[in-house]
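Across the two complexes that follow, chain A remains constant while its partner is chain B and subsequently chain C.
Here is the complex of A and B:
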C-alpha cells in the first residue's frame, strides 16, 4: 500500500509540474466557456420578447376586424406581450423592415366577401426582427382563424350540392364557424431536467476536458514503457497491479479535482447552480471513473505515447461533441439511445437533474449509465490484445 | 529559392506522414460539417411533437395536420415521451387516452394530454398543436352540420370533398423582411458550416502543428540547416513556407471536399482561393510565433488548441457573426477569422467581386505580414536559446 501511495504521489507531482496539464484541464475549458457564453448568449434558448403587430384591415371589413381581434387576444397568453396597432396597408412593410414593429398583418380588400362566397383571398403576414417564436405563433393563429372563417362557406357549398334548402345554407355556415370545441387539451407539467444554456456549456466543457485530463495519468504508463522505466518498476519487490493502480489513481485524482474546479468556478462565474453538492460530487466521481476506464483501452491499443495522445484526443472529441459539449445533438430512436450511453451526455444529463432540484435518488439512470460504461470498457480493455507489451 | 522550396517540401512531407493527421485533418472537419449541417441546416424543423396513446381516426387526422405544418412528428411510449420532454428532446408530448378516437367519432367530449417542454420555443409548437386540433374539429363540424340535416355521413363527406374543388380556400402567406433571415436564405444546408470549419481547422491545425516547430528546434534540425550553405533568410522562409503550405493544404482540402461531397457552393473560386491564401498566411505566421515563444511541445499544443478554438469562437467559426451583439461584433474584428468570414459571406451570398472583398483581403494580408515577420524574428531569436 505504501508503494502505491509513493508512486501516486510521485506521478502527481510530475503531472502538476507539466504545464500542459493546467492548460488542458483548467485554462482552455474556462476560456471556451467564457467565449462560447459570450457568442452564444441566449441563442440556444430564446425567450419571448414584447411584440408589436401592425395590422391593416379595410374599413368596415367585419371578418378582417375579427381576425385582428383574435391576434390581439394573444396578449397575456403563455406570457406573451402583444400589442396591435393600426396601420395603412402600404406602410406595414416599412414599419416591419425598420424594426418599429416585429410583425405586419395585411388583410386584403374584400376579405369578408371573398370568404363568404368561397373566392380566393390572401392574407399577408410580414415577419420582421425577433426570435421567430412570436412570428410562428401569430402566423399559426392567423392561419387557424382564416380556416375557421372559410370552413362555414365550404360547408354551405357542400350543403347546396347535397340539395339542402337555401335557407338552411346560411345556418350551416354559421353553425360550422361557431362550432363548439369538443377536444380539450389538458396541459401537464413535466419535471425540468435541462440545464440552462450557460449551465449546459459549463457542464459540457467540464465533461469534454475531463476526457483529456484523465489521460495525463494512465497514458503515462505508455511513456514509462517507452522510456524503459516500466520494466524497472516491474522488477521491484511489489505486486505489478500497484503500478497500474497508481496510474489510475493519478488519473482519478486529477479528474476529480479538475472537474470540481471547473464546475465550481464555472458555476460562480456564469451564475449556474448545479444543485445538491453531494449528488454533483457523486456524479463527478462516476464520470471520472468512466473516463479513466477508457484510458485503459488506449494504453493497450497505443504503442507509443504519441499514439496514446492521438487516440485519446480522438475519443475525447468524438464523445465530447456527440455528448453535447458544444451544442445539444437531438436524436431519437436507437441513435438517441446510443448517444445516451455516452459518459459525457450521462454526466450532463445528471447535472441537468440535480440543477432542477433532483437529489441522489433521482440520478440513478445517469449513474447506472456511467457505471455500465465503466464495466463494459474495462472488460473490453481486458479482452483486447496489449499491442504495446507485444512489442 | 530552391533551398526554400526544399525546406517547405520537407515540412509538408512530415505533416502528411503523421498518421494522427488522417483523423484530425481529413475526417474530423468533414464530420463536424455533417453534424452542424444536420443540426442547424435548412432542413431544421419548427419543433418536435411526440405522440403516444390509442391509435385511430382522430390521432391519424391530427398527425396528418401536424405533418402538414413543419413539425417533426414522432411516436413512442408515454413514459419515454415524458422523459424526452423533461430533457428537452421533444418540444411537446401529446397523449390520446383509450376511447378518445371513438368518443370523438361519436361527437362526445375528448380530453387529450399535452405536455410542453420548458423551452420558450415550445409555446409556438403548442400553438401548432392547437391549430391542428382545431382543423380536425372544423372538418368534423362540417360533416356534422350536414348530417343533422338528413344527409348521410358518406354523402356529406363526398359533398365536402367536391365543394373543396369548387371553393377557393383563402391563403395566408408569410413575407420575411428580417435582414438576418434574408442573409441566410440563399444558403445551402452545409454552406455555413463548411466556411466556418475551414476557418476553425486551418487556424487550429496550424497552431497545434506549432509543436513540430518546437521539435525541430529541440532536435537541432533548424540549427543544422543553418550550418548548411544556405542563408538565414532562406531557412526562415522555408519554415514559414512549410507552415503556410500546411495551412493552405488544410483549407483547400476542406473547401474541395465539402464542395464535392456536400455540394457546398463556394461562389467565385478565384476569390475564395485568394481569401484562403491570405488566411493561411496569417495562420502560418501565428504558428511560427507560438512555436518560437514556447519551448514545450505539450504546452504548445494545449495553448494551440485553446487559442484555436477561442479565436474561432470569437471570429464566427462556431456561431455566425450576424448573430453576434454589436460589442462582440467589434471584438471579433481582432481575429483574422472574422475578416475571412466576412469575405466568404460576400463571395458566397452576395456574389461579391474582388473590389467588394478588398478591405477584408487588405486586413488579412496586413495581419499575415505582421505575424510572419514577428514569427521569423522570434524563431531566429529562439535558436540562440537553450532547450
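Here is the complex of A and C:
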C-alpha cells in the first residue's frame, strides 16, 4: 500500500505540473460551455418576441369576441408580450404584409351561428415576416379554443336531440366551453429526468471531458512503456498490480476532482442547480469509475502513446456526442436502448434527476447503467490481448 | 550472485534468446557483448524480472526471479537503455520516488539521495526538473536511480548509447568504482572497448546464442593460430574480398566500403601475398595493419561478422 500511495502521489505531482491537465480538464470545457451556450442558447432556450395581433371580428359575434379575448389573455403568460388591435377583415392581410402587425386573425361572418348549428367555419390566422414560435402559440391557442367552442355546440345539439329544455342546453354548452381541463402539466419533478438546456450543456461537457481527464492516469501507462519508466517500475520490489492500481487511482482522483470543479463552477456560472450534493457526488464517482474502466481497454489495444490518444479522443467524442454532450439525441428501439447504456447519457440523466429534486434513492437506474458499463468494459479489457506488452 | 540457466525467450516465430546461461559472482563485472539485435536486452529483461522466460531460470542471491517476484528484486538495480526518468520531476524527486519504492525511508533515504546526487555530479541541478537536463545529465541520473539502494547486482543495459565522450568516460569510471567497491555488475554493450575496459568476464552473444564466454585472455586464446590483418584503401573491396578468400592462409574476410578485415594463419608470412592479391583485384591500399587479437577479433572469429552498430 505504501508503494501504491507513493506512485499515486508522485504521479499526481507530475500531472499538476504538466499544464495540459488543467487546460484540457477545466479551462477548455468551461470555455466550450460558454461558446456553446452562446451558439446554441437561442435554439435551446428561445426568447419570445413582442407580437401584435390584428384581429377582425364581425360586429355582435359573441364567440368571435370571446376567441379574441382568449388570444389577448396570452399577454404576460410565460414571458409572452401580446398586443391585440382591432382591424377590418380586408385590412388584416395588408397589416401583416407591411409588417405593422406580426399576426392577423380573421373571424368570419356568422362564426357564432355556424358553431351553434354545428356547421363548418374557418378562422384565418395570417403570419407576417419573421414570426416563429409566437405564431405557433397563437395558432395553437386559437385552434384549441375553437375546438372547445365546437365541443360545446355539439354537446348542446346532443342535449336538444335528447329533449332537454333550452335553459339546460345553454348551461351544458357553457359548461363544456368553459370547463377547466382535467389534464394538468407537472413542473420539474424527480421523475421527469429533464435538465434545463443550459444544465444539460454543463452536465454534458463535464461528462465528455471526464473521458479525457481520466486518460491522464491510465493511458500514461502506454507513454511510460515507451519512455522506459514502466520497465524500471516493474523492476522494483513490489507486486506488479500496484503499478496498474496506482495509475487507476490517479485517473480516479483526477476525474472526480475535475468533474466536481466543472459541475460546481458551471453550475454557478450558468445558474444551474444540480441538487443534492451527496447524490451528485455518488453519480460523479460512478461516472469516473466507468470512464476509467474504458481506459484499460485503450491501454490493452494501443501500442504507442499516440495510438492511445487517438483512440481515447474517438471514444470520448462518440460517447459524448451520442450521450448528449452537445445536444440531445433521441432514438427509439434498440438504438435508443444502446444509447441509454452510454455512460455520458446515464450521467446526464442522473443529474437531471438530482436537479429535479431527486435523491440517492431516485438515481438507481443511471447508477446501475454506469456500474454495468464498468463491469462489462473491465471484462472486455481482461479478455483482449495486450498488444503493447506483446511487442 | 546471479545464475542464468538455459534462458529461452520467443516472440512469435522469432527466438530472441536461445539457451543462454552465465553466472556472475560478487564484485564481478560481466559483459554481454554483441551487436544490436543479438538478444542482450531480452536477456537483461529476463534477469531483471521484467518478462518471463519461456524456458530456463534466473536465480539472484539464491532466490528465483520471475515477473511476479518481489524479494529478489531488492537485490538488483536496473539501468535501462531508455532514459527511465520522469521529466516533470526534479533529479531529487526522481531519486526519492524510486528510493521509496525500494523501501527506503526517512533520514536514511535523504542522506543516500544526497550521496548519489553528488556521485552523479548533479548537486547544482538537484532541484531542476529533469526535462531541462542535457542528454548526459539524464544518463547520469538514469544510472544514479539504479545505484540508489546500493544493490548487490547492478544491471546496465547499454548505458553509454548516445552519450557524449565526456559523459561516457564519467559513466565508465563510475562502473569501475562500483566494481572495486564489491558490487556485481551485468553490463551489456556493443562497444568492444567498453567490454575490454570494464569486464572481468565477457559473454559474446549473437543471434540469441551465447557463442563463448570467459576472461578476455581466455576468449582471445580461442583465436589462437588466427592473426588479424586490416587493409584500408579504396576500390572494389568486395571483389578484393572474393579474391583474398581463395588464398590458403585466409580464414575469414569481412569487407566494408573502405576496408577489409582478415583472419589469417601466420600473418607475417601471408601479408605480402595478401597485399599483392588485393592490389591485383583493383584495390588501392592506403594502410596495412597487423593487429593484436582483441574482442573484435574474437567476435569475428566466432561469428564471421564484424561487431558494429
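In the analysis below, the second predicted complex is superposed on the first by the 257 of 391 C-alpha atoms of A that agree within 3 Å, B and C clash if a C-alpha of one lies under 4 Å from a C-alpha of the other, contacts with A are read in each partner's own complex, and residues count from 1 in each chain.
One rule holds in what follows: a residue touches a chain if its C-beta (ideal position, glycine included) is under 8 Å from a C-beta of that chain, and two chains touch if they have at least 3 such contacts.
Quantities reported herein were computed from a predicted structural model and do not represent experimental measurements.
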Q: With the two complexes superposed on chain A, say which partner A:60 touches: chain B (first), chain C (second), both, or neither.
A: neither
Q | Partner chain(s) touched by A:80 [first = chain B, second = chain C, both, neither] | A | first
Q) Who does A:361 touch here: chain B (first), chain C (second), both, or neither? A) neither
Q. Can A:6 be said to touch chain B (first), chain C (second), both, or neither?
A. second
Q) Is A:385 contacted by the first partner chain B, the second partner chain C, both or neither? A) neither
Q: Look at A:151 in the shared chain and tell me whether it touches chain B only, chain C only, both, or neither; answer first, second, both or neither.
A: first
Q: Check whether chain B or chain C contacts more residues of chain A in the superposed model.
A: B
Q) Regarding the shared-chain residue A:35, is it in contact with chain B (first), chain C (second), both, or neither? A) first
Q: Look at A:234 in the shared chain and tell me whether it touches chain B only, chain C only, both, or neither; answer first, second, both or neither.
A: second
Q. Regarding the shared-chain residue A:17, is it in contact with chain B (first), chain C (second), both, or neither?
A. second
**Q.** Those residues of chain A which chain B touches in one complex and chain C touches in the other
**A.** 18
**Q.** Residues on chain A engaged by chain B in the complex (per definition of touch)
**A.** 18-20, 23-24, 27-28, 31-32, 35-36, 38-41, 43, 45-48, 78-80, 93, 96-97, 114-115, 118-133, 135-137, 139-144, 146-151, 153-155, 157-159, 161-162, 164, 168, 172, 175-176, 179, 181-194, 306-307, 310, 313-314, 317, 321, 326-330, 332, 336, 349, 352
Q. How about chain A: which of its residues touch chain C in the complex?
A. 2-3, 6-7, 10, 13-14, 17-18, 227-229, 231-240, 390
Q) What residues on chain B touch chain A, complex-wise? A) 19-20, 23-24, 28, 32, 35, 39, 46, 48, 58, 69, 74, 76, 82, 84-90, 93, 104, 107-121, 123-124, 126-131, 133-139, 141-142, 144-146, 149, 151, 155-156, 159-160, 162-164, 166-181, 296, 298-299, 301-303, 305-306, 309-310, 313-314, 318-319, 323-325, 328
Q | Of chain C, residues touching chain A in the complex | A | 11, 45, 48-50, 67-68, 70-71, 73-74, 76, 78, 80-86, 88-89, 93, 97-98, 100-103, 129, 145
